Amino acid sequence: MTPATRLGQNQYGKAETRVVRVTRDGTTHHVRDLNVSVALSGDMEAVHRSGDNAAVLTTDTTKNTVFALAREHGIASPEDFGLLLARHFVAGQPTIHRARIRIEEYAWERIPTPGEAAHSFVRAGGGTRTAQITFDGRRAEILSGLTGVTVLNTTDSEFHGYLKDRYTTLPETTDRVLATDVTAVWRHAHDGTGAAGAAPDWDAAHAAARAYLLDAFATTYSYSLQQTLFAMGSRVIEELPGVEEIRLSLPNKHHFLVDLEPFGLANEGPDGAVYFAADRPYGLIEATVLRDGAEQRVPVDLTAPWPGGPA
Amino acid sequence: MTPATRLGQNQYGKAETRVVRVTRDGTTHHVRDLNVSVALSGDMEAVHRSGDNAAVLTTDTTKNTVFALAREHGIASPEDFGLLLARHFVAGQPTIHRARIRIEEYAWERIPTPGEAAHSFVRAGGGTRTAQITFDGRRAEILSGLTGVTVLNTTDSEFHGYLKDRYTTLPETTDRVLATDVTAVWRHAHDGTGAAGAAPDWDAAHAAARAYLLDAFATTYSYSLQQTLFAMGSRVIEELPGVEEIRLSLPNKHHFLVDLEPFGLANEGPDGAVYFAADRPYGLIEATVLRDGAEQRVPVDLTAPWPGGPA
Amino acid sequence: MTPATRLGQNQYGKAETRVVRVTRDGTTHHVRDLNVSVALSGDMEAVHRSGDNAAVLTTDTTKNTVFALAREHGIASPEDFGLLLARHFVAGQPTIHRARIRIEEYAWERIPTPGEAAHSFVRAGGGTRTAQITFDGRRAEILSGLTGVTVLNTTDSEFHGYLKDRYTTLPETTDRVLATDVTAVWRHAHDGTGAAGAAPDWDAAHAAARAYLLDAFATTYSYSLQQTLFAMGSRVIEELPGVEEIRLSLPNKHHFLVDLEPFGLANEGPDGAVYFAADRPYGLIEATVLRDGAEQRVPVDLTAPWPGGPA
Amino acid sequence: MTPATRLGQNQYGKAETRVVRVTRDGTTHHVRDLNVSVALSGDMEAVHRSGDNAAVLTTDTTKNTVFALAREHGIASPEDFGLLLARHFVAGQPTIHRARIRIEEYAWERIPTPGEAAHSFVRAGGGTRTAQITFDGRRAEILSGLTGVTVLNTTDSEFHGYLKDRYTTLPETTDRVLATDVTAVWRHAHDGTGAAGAAPDWDAAHAAARAYLLDAFATTYSYSLQQTLFAMGSRVIEELPGVEEIRLSLPNKHHFLVDLEPFGLANEGPDGAVYFAADRPYGLIEATVLRDGAEQRVPVDLTAPWPGGPA
């Protein structure tokens, strides 16, 4: 007899809809540039068992909805737009019980031009802004984040006093380069209802969190990347009362001091040094920092090196 | 007063160590080509709070260990090697309580050559094999998987009978191309102890799972990608008694029938058609299929379109 | 006075149109899966100087043409389809004097299924097939190629006897792993006219060239990657009388023997060894091999590590 | 008889050496972060024919040289460092007749911190700076460039008046979004000798060229991307007397106005609109602009969509 199988967690929707909203305020234009991924869950037993689509809002419709709601309501912020979409899907169809909206936002800076017109832009660096809004019909979970923010300290980093075993060869150091690509996701107390107070100004709150992360990275005299990570996370919790927890994923972008002794050259001194910036392998340091009393809910693997790709 | 912060889940280790093990059996050589990522957890409060590294086995040491154990014990399979590494780290240091090893394996095929020597290879396609072994000192959780297996049916796929709302424009169809990139992860009953019986032959078990997934994709007459997904997952559960659950993540790689009417051309008929293979956005269908009575433990997001990248 | 500027070489068109042609032969289906890039040149002074588009066939039209011609004429091979397109553009508009069509083809293998129906496929590995056809109204230049074919010899490779200067530290070796990603482009004598004889069977010619490249890689006892490259290129010239020249770009995918001495382990012996597969930097060896008397016309930079991306 | 084969153009060297030079000026640190690729040519017949390495400076040595010269001489600019390296290789070995150095530079901005110390950085966006220096023993060819500079105008772009043929369906428009990723390479009159005057301040010259390109993009009322390209190139030639020619490769990053009529929504008006940012296919516009009397020498294909990758 065939063993019985059961349907577990499942979700579906259109991923990576690239929507750009241009707003015109006279000759001054504004741009919001998003990548939106929708994941819906609900009464989906039949479609999995027999291909009966009666409960399915198609992924094509979820894509159309992204464009239409951007037109009808605008994009105030990734968090606002995600909440709008999530509520729309759950309210709109009784078969949809939960909606999760993941958003990336790409920033644009103005190209300075003479005259009053302001409609020219160059894409900014400094990483990508992210947001995830999940709504189950009652309350929302609102996550904000960023990724691809590459930072580097040329000094004020030491590494020693660690465990040694049979396979340890790393020499201790009292001065190294410390560099990482920051990926961070933080969870807000605000849940879309008034229970935890009014919603923050999402754009201002994001800019503040980003600035605190950079400042904590720059001003922490570091004895390990774990310590720097904890300082960065704690700073956000301490400074932003509306943030309950933050998850950080920090690859250690190794900058190895090049051995120039074979060429009769010293490679360290008061004037600096030459480093090799390595690709793989890399240390990967990940941790959650929580406000005392808060629950841990942010996913653990923000940047999983699995699956990856061959050299 | 500064609010108190608490350290939540944390893990660290060297990610993406690219180890290649060549074994020589006379003039016949064998290759195992892995990408290994180590994540350790344990007594890590001090290193986060103050940078005290006394409990830390460095990520550099975890990298060295990958190479050394590959030399000392060989690489029988990704699952065996991951279990060996995970046990080593937990057994070796009292401060390390849990080790998670993620592995990708890249396959090589032999280049046929005259004579007895067999030491030339060409990298095979057909996706990447994956494995994740987690060990907490008592038992192991062993996951096997694959990713990047791109499959396509040119017919035997319909899509209709779905919900329509204000934003639905998709026409129903009784014949479409169905294509996807399979990512799958399945969990074994075997937990590294004898409790659930002997370990399977990991290589044979993986080849069987892959073949069942492809066969179920090819032979399921499909009314939705969800149905195809469930058939693929069920087939593995039904045929492989040692598998408890399987998670599948299937992007719908849309192949849109090109509208050639403006050029006076019919684009469908008994002789075939011309399609546009789209990049983004794409439907993303994800679900877990469980053996009746099994717990759901495989992570839900195998291939998160977040964070991604701009167009 | 403003200095005068002059318009130099220019070309335009739609890049990366992803066209999939399904052909039905009863219940046996066939797939050709291409990525087509069109580049047109001609009377384009006005459009550059003043934006007068009167001579411009739009890139959107070139895309439509790819789909329409795939429907009307089918895709016999990348070379045939490229020639068809190039001739169409030059013959169709007096303002277009030259068309260059670049094509990649992705291969699919059949998934074996019971019964007569044959319409299920899995994408094959083993690299991408390429072609470039340029037509100037009189004759065509036809290039075929491949890229992403990763090969590896576990022995029969030495490296010694090289120049030493102040900055040389590399130890000589009489046994190393030799691995590379083959990118090759070769030029045919056939020019679309009958001047150099009939056109070859393009699919068969491509399969033969690929097989010769792999065989030459596998069977050449190597003292340098340059020597292996020249043997690979010469083999194609020697075996395929219709090929005039071939360009090869071979990154040296370094597999470094891991130093395990600090752990008391020998890492070489009759039973094999453990290697670290490195990403960057890598040696890059590039050369053209010509049939005696042939002109060199294939572009020199097939795979330019410039521009690339940060670590 | 085996047909004779001939060795054509060939070059070799280490590609993508990632060198980071930190300079300390008291507590103010400076960073130059490069990716350097070396390609050498010379007396290489023997190594290709027989694997005789006597004339070969190994790619490993070229990598060591990059690090050592960065330490000994510093990195004043990509152009200066490339010239230093190219001269070193040609002067250092009689078997090396020509050296081509390709460099990418990644920019870092300071993270503002209190106090005097200045050693913290965040990677800047806005694209990558490039340079290529080729030296043949007598004179150098010096190219500067940039890539990955993404720009967008939300208006002041029209497209109409183009050729129509059987396959033309594109509607004309008098208001569209115009966006592109700028890749540009320009050639300097300065050739490393005094013949064309003193070398410019390379950093200042690069910043000026970048600013002119952005300004020309932003202030050109556009009737075609070709016109915008020519305006951008001409501006650089007109403003920078030391530049002889410039090559531009501009993908048309299509932003399609979404059709919202099926939902009863107008998607254009004085308040803006919603666009879909497409990936592939894309228009690709490439041209060289020359100072009157200058020769065209910059390579034609800066960003070849060939080979690429499957969807």
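Every chain is named by a letter (A, B, C and D) in the order it is written, and numbering of its residues begins at 1.
Operating definition for what follows: contacts are C-beta pairs under 8 Å (C-beta built on N, C-alpha and C of every residue); 3 or more make two chains touch, one makes a residue touch a chain.
All values derive from a computational prediction rather than experimental measurement.
Visitor: Under the document's definition of touching, what chains do chain A and chain C have as common neighbours?
Guide: In this structure, the chains that contact chain C and also chain A are B, D.
Visitor: Can you grab the rotation angle between chain A and chain B? Superpose on CA, round to the nearest 5°.
Guide: Nearest-5 rotation angle for the superposition: 180 degrees.
Visitor: Count the C-beta pairs in contact for A-D and for B-D, then report the pair with the higher count.
Guide: By number of C-beta pairs in contact, A-D is the larger.
Visitor: Repeat of B-C among A-B, A-C or A-D, where over half of the residue-numbered contact pairs coincide, is which pair?
Guide: Among A-B, A-C or A-D, the interface that shares over half of its contact pairs with B-C is A-D.
Visitor: Taking all residue numbers at the chain C/chain D interface, are over half used by both copies (same) or under half (different)?
Guide: The interface of chain C with chain D is built from mostly shared positions.
Visitor: Starting from the Cα centroid of chain D, hunt down the chain whose centroid lies farthest away.
Guide: It is B whose centre lies farthest from that of chain D.
Visitor: If you average the CA atoms of chain C and of chain D, how many Å lie between those two points?
Guide: 22
Visitor: Approximately how many whole Å separate the CA-defined centres of chain A and chain D?
Guide: 30
Visitor: Roughly how many whole angstrom separate the Cα centroids of chain B and chain D?
Guide: About 37 Å, centre to centre.
Visitor: At least two partner chains per residue is the criterion; list those residues in chain C.
Guide: 17-18, 33, 64, 68, 123, 150, 167, 169, 263, 277-280, 310-311
Visitor: For a test of understanding, state which residues of chain B touch chain D in their complex under the given definition.
Guide: Touch residues, chain B against chain D: 150, 166-167, 169, 253, 262-263, 277-280, 310-311.
Visitor: Could you pull out which chain A residues touch chain D in their complex?
Guide: 17-24, 29-31, 33, 64, 67-68, 70-72, 108, 111, 113-114, 117, 119-126, 149-156, 177, 214-215, 217-219, 255, 258, 260, 263, 265, 267, 270-279
Visitor: Provide the residue numbers of chain A that touch chain B in the complex, in ascending order.
Guide: 2-18, 33, 35, 37, 39, 44, 47-61, 63-65, 68, 92-93, 95, 102-104, 106, 123, 128, 130, 132, 145, 147-148, 159-165, 167-170, 183, 222-224, 226-227, 229-230, 233-234, 237-238, 241, 245, 247, 251-252, 280-292, 294, 296, 299-301, 304-311
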